[in-house]
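Structures for review follow.
Look at the two complexes coming up: chain A is in both, with chain B in one and chain C in the other.
Let's look at the complex of A and B:
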């Protein structure tokens, strides 16, 4: 292993980015789903910065107070403060914590990287919200209740007992807003309902682009027959058209390609190896026209790749862009790759192909919101 | 986390017709309809079964070109130095790759043709191989075409393949193998007076130029009589991504590379003298360096951009050179003056292909934003976005043979253009662009003057790319650009598409894996045996061409 890391240093030479660390992560028995997502998140710079900051603020935590957030920020700090530039780290404590916290990940079975990302971000949000609320109720009685900032989480309690949702730094980084517009075909009234998201799960088609998948995500659906819409204005069930557009694009856009599909005839999940091309720069085609930053340009910085032909087995690796270099992380191994290699992870045009390495979760960073 | 509303819901109709058929049924319909009638699949071409399937994967993408060779009716005169029965007169092709189109100028036939003594490795031709030159598959140069031959040239894996355009034979009549290297681009010019009409660029950076006729007359599987440039990547080791003859300048051709450089070569100069160019100082800055010695070759290096150049195209008269690349910019250069004239950024992502209109007024580009973009030279702006592909656009071309229906009212000069595009969604799309329909949005000020609608950042990913973009425009905003819808969309192959060309009788499509399909135009279904492709084709295109007044410029540099 050491050999390959020093090789990485040799390849980069003088170009090795100042202060950057490229560390592989040890696999504790099918924990590649976790490692691949961790690498993608580590190279999500605003996310990493928050975690390093969090660790800096906190006193060492007792084992009893340990949670996923403390474990993750310790892990990131551990990587970041390595003397060597490359090497391998065992994310033992973090993985133990994940297993303690969630039954699903306790087994040594192959797990879904997207489910893990989902679980991790939501856990972090819960922890941060609780901390912010605790900080609020503590400080609220002593100081002015108007503005309380704990850990970047703002505004727990507003005036009176009306409770506003806490916006944590996880929200600030990953959260976007969708608006779900339903137009009654009788009275033409448009009802809009907003909902937030931390990532988008997209249906995929053979030989398509991520832009096309996003367009389909926001295509108009007609509600009729059994599935009519109750229009408040008409006070009755009516035919309606529904579509979902992005109202507020997130700073970090995480796109999950739904490669694991339940096939009714088979009674089980199947992996779709479809070729879905994704560009290194992207603009969202499905934003509402008046949305601020609706034409913001995104840049791809990480791809979690599923390797294998079926849903219940296989492997996860990740591609990460750091300081204009692309790196390939496969558990302990880290390699530098050419940008053009990214396109070998688009998928296959044929169902049975030797190429089983397919992009599964894409991470794009908004260039407009980049500080 | 939000699921798509259509997640796992089988009640939602599939949004595109290709969705269902692709997964289950590889069958592709053999005709498609357009306002002018029905196009029928006439014949297919593919690589020889000798090329193993696994060697075709992803790395090499098939490009296709049409080449027309006219042989002298009887035996040719003996020309000094080599191949006898060659290069009698090279005439118009029905179409050329990259939309350079057919020649719109008169050519001197017969005079001064023939190989010069440069081709030292020429085999002496014999009567026997002139008659049945290839000996693979069908015999290509049978006399049913009065000695003429029209060929499709395409690359697959490690080979350049040549198929007889008019025959029904699926397999190529000639396979030229390159062994360890892959040919990735090529360009044929029927006007090459010295007979070296075929340029081939390799993934190793090597560039060859050879005579197509000579290849057809040789029975081996190797390239014969070729001049070899940038041997083993000695001058530039990055992949050669596009090659082209320089129109109207005899002897010069260009080769674009994956590191953002274009090299200008002179066929009349020996390839042995190496031309050390100084290292590129500023990767994002356009800069032309000339060879220090008048003997060395290449004669010039144009550093165009950071990242790969993915395509290039000369305007038909050779005045302008357009390039597209990884950084998403279309750039238009005045070739003789070696200056950047204009250009703009894609909506997002890399641009993959570009092609001129026959009259030199418009440039089509296609890329990773799934859009076909129409750039107007006159307006210096994007005048239309073709919206209809479900994936990246890999080739674009104007149809120089299509005739616009005569409008009801004779009043007004409305020019209608037909163009086509093929994409990685396996679809061929045809578009009609009427210039009265396209209302050019308020002329956008050049980026340097800071129009408020202009996005203020550079192509993503290039840190420190805050250079002056000069005559280049930033990406237009969505609502600034008029949208076009295709007049026809058809899934033509099972694999992503990579090549498109228009001939007088047909549309030729190519897919990544090296299969070609020839779609006969309406009313051209039964013309295989009695075609007369050249003369009418020329006449039509001459009529359609508005002489730009720039023809005949001498581009030989002082």
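Let's look at the complex of A and C:
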């Protein structure tokens, strides 16, 4: 591995980006699900910057106060502050923390990378929300009198009854809003309900593309027959059409391809090796008309790849784009690859194929917010 | 007098079903107005009534149809056609004297148009809402279209032949059910079925992929067009039911269709806001008109087919010259336009989601001068062209601002809230008027005017817990109250609270039972032909009722007692709180044991209706006083001394009492116990044997805890004051156990009450 690292340095040579570190991550026994996601997140620049900043602000914490957020920010800081440009790091404390926190990841079994990403992001949100609330209640004695003077009783009521949801930097990076539109087919009134998401899980089809998967995601469903919609305007059950649209696209769009499908006849999950083309540049088509930047454009910067033919075994690697170079991370190993290699991870058109490396989680960065 | 209901066909009886439900529909006005939006109107079509005047028929979301006599300046309601149990979606006149309607209740009905509302036939062929009808002016052919891809073509002359009569006498009342299995699956077997005892089967127009929302047929009945969520216009030959063509072009649901008399030209209106003109000969769209800014829902045209009136979701009615594409805004309604109908060539009637009908001058009435001052525009051929024009501020000014005449409707109820006592309902109608109703007698008891509904609801909030004994909806613009057994018998109240004269303190009434009695009072008086001996007031004839504090621990069902002791006496007497109006009586909707649902005014029941028409549980209740009461009429609780009290435990076991038992009674119970054990001193010694030992360990509280009425009374001025507490809260004496449970105890476990004495003055 040392050889490959120095090889990478050689290949990049003068082009090696200033201040950037490319480090492999040691595997502690089937922890590739964790390593692949960590690499993708490390090269999610806004996310990394927040964590480095967090570590800078925070005093060193006692082991008792240690949590996933502190462990992750320390790990990122550790990578970032390496003297060498390349090498291998053991994310020991972080993995230990994950195993302590969640039973699911405690075993040395193969785990689902998407489930891990989900767990990690939600855990970070929880910690940040708690911190924000603690900070609020600490400073509460100072701020609340001013508020009362400013806004009178109404403010006090609002504070007491329903708290504004805390918007953390994790939200600011990953959170988007979906809107669930239902149109009554009788009076044609549209009822909309919003919900937030940190990533989108997409159903996939053979020989399709991300754009078509997204279109299916927003396709219209008709509520009819025994399953009619109660229209408030008509005061009765009527046929209705329902669809999901993206109301506010997130800064980082994480797309999870549902490659693991439960097959009823088999009584178990099966991996779908379908070829699903993911473009390097993505235009979101299923946004609402009034969404800000309804033609949101995204650029692919990381792919978590599942290697193997089944859901319960296999391997995870990741592809990452950094400073216009594509890199391949496989636990300890880091290699530079050509952009054209990315398309070998789309999937296969035949069910049994030698190529079992399939894109599983895609990370897109919004081009609008980059400017 | 029309009768609908039973039939020999038991097509649905194989599927297991719940006990039949009974629904009553309340209105606070007389019968001469619609109380919800009007889905369809049909002009007289040369049809003359007895008086030779002109008529208009309207089909409303309130579930009824009405005939309007247009003779004088004001249209008068000539008849109400009441039998559908859901929205009436369309109405057509066919042949010489047949009115056909279709409804969301999945039926088609035929009526005698100039009768007093006589329903001649009910056809149950569709399996989902029937949304639209189309009739050929010069024949008896009617097409019906509905949700779930169903379109049927009916030869009404053949359908009306009472073939079924010979087969089954039950059909004499005019209900007919086609054999769905045959007609919908196989045309070949359906045809001979006409000659068999199965009766008439309509011709299905098969091939629709989605729901049908619009139909049209030409005068001779040679062309049928259909439209719906498929976005395409389909063309059929109604004589064979075969597909002719499919016309694509609209980008959203097709909601309105119109054929010219020859059947060569077809107009379609869509939710994509466009009007398209199709040449069926060339099988293509020859014009598209961007006139409306929202969905197009209605058309009307003179036979010449040179101009078209169109209305829709944007509440506007436009008149468009189909050849020059010149369009003018005729008028702007206040509500989305659902249907347009011409009266001759002089007047245009518009039906909207409001309950009133408006008459506007038609093109022929407008002088060329008026037409000149109209701000006309040339309809574009691309969608949203008009929408853009509106944004530009060049919105056309309506030619007429006021309708020539109005057939008023009443404001329909659009919002409701069942109050906590479950006897009162707060409603808001389309005019924003908020009213409070007493649901057990269907009357408005307070009119609050235009106030904020939510605030009023909050102001009327009471900490009272009564089981939900009814459900309701307002889809008919009025309140439909649904009673299902046994839930409808789950709520009781004390007769004294309803100021029943002579009722004992303990007499309990079952709200559902009393309401049913009130509702079916008319039926009952006709039913009981023999006069019943005058009865003693209810309170006096109930020795079986537990009296006094004896209610505690008594497990007897008072209602059973009622039925035992007064088999016949009370049935015709209705308490004022359950007396429904006979002026504007509620309508009863229920399902016969063999046929589909029917609807009739409560006052039109003549007593002959039996299990075939009315649910048997309902008859049992009203006629025999038998109800299936749920166990939850009781509430179990523990009664313990309050912390720090020196008086000892009265009972250790669990007690059981009616849910509506008041805290006052619990107080009396404690007092009586104290009286029994320590009649002379308030603070007994700790050593005193607990009275509750009598009940010793009887955890069910059944049997032994019955109190022996004591004849002793407290010496004057020494009566201790007892307080009952729950969760450290002193309970008001008029609170019921159910309310304590719901608002003070707030836990699913058995209720714990505590008592303590306070020094009396």
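Points worth noting:
As a convention for this text, the second predicted complex is superposed on the first by the 349 of 371 C-alpha atoms of A that agree within 3 Å, B and C clash if a C-alpha of one lies under 4 Å from a C-alpha of the other, contacts with A are read in each partner's own complex, and residues count from 1 in each chain.
The rule is simple: a residue touches a chain if its C-beta (ideal position, glycine included) is under 8 Å from a C-beta of that chain, and two chains touch if they have at least 3 such contacts.
For clarity, every value in this text was computed on a predicted model and none was experimentally measured.
Overlay on chain A: chain B and chain C fit together in the combined arrangement. Of the two partner chains placed by the overlay, only chain B lies in contact with A:195; chain C stays clear of it. Residue contacts after overlaying the shared chain place A:239 against chain C, while chain B stays out of touching range. Angle at chain A (Cα centre) between the Cα centres of chain B and chain C in the superposed arrangement: 100°, in steps of 10. In the superposed model, A:101 makes contact with neither chain B nor chain C.
Once chain A of one complex is fitted onto chain A of the other, the partner contacts of A:299 are limited to chain B, with no touch recorded for chain C. Once chain A of one complex is fitted onto chain A of the other, the partner contacts of A:205 are limited to chain B, with no touch recorded for chain C. If you count the residues of chain A touched by chain B and by chain C, you find the higher number for B. In the superposed pair of complexes, A:281 makes contact with chain B only, with no contact to chain C. Overlay on chain A (Cα): least separation between chain B and chain C is 10 Å. Those residues of chain C lying in contact with chain A across their complex are 86-87, 104, 128, 147-148, 210-211, 213, 229, 253, 271, 294-295, 313, 336, 353, 414, 473-475, 477.
On the side of chain A, the complex with chain C involves touching residues 185, 187-188, 222, 224-225, 234-237, 239, 241.
The touching residues of chain B, counted against chain A in their complex, run 1-8, 10-12, 15-16, 18-19, 22-23, 54, 57-58, 258, 308, 328, 347-350, 368-370, 390-392, 424-426, 455, 457, 459-463, 475, 477-479, 494-496, 512. Here chain A touches chain B in the complex through residues 118, 122, 178, 180, 195-203, 205-209, 211-212, 216-217, 219, 221, 227, 242, 244, 258, 261-262, 264, 274-275, 277, 279-283, 289, 294-295, 297-299, 321, 323-324, 340, 343-344, 349, 354-355, 367-368, going by the rule given at the top.
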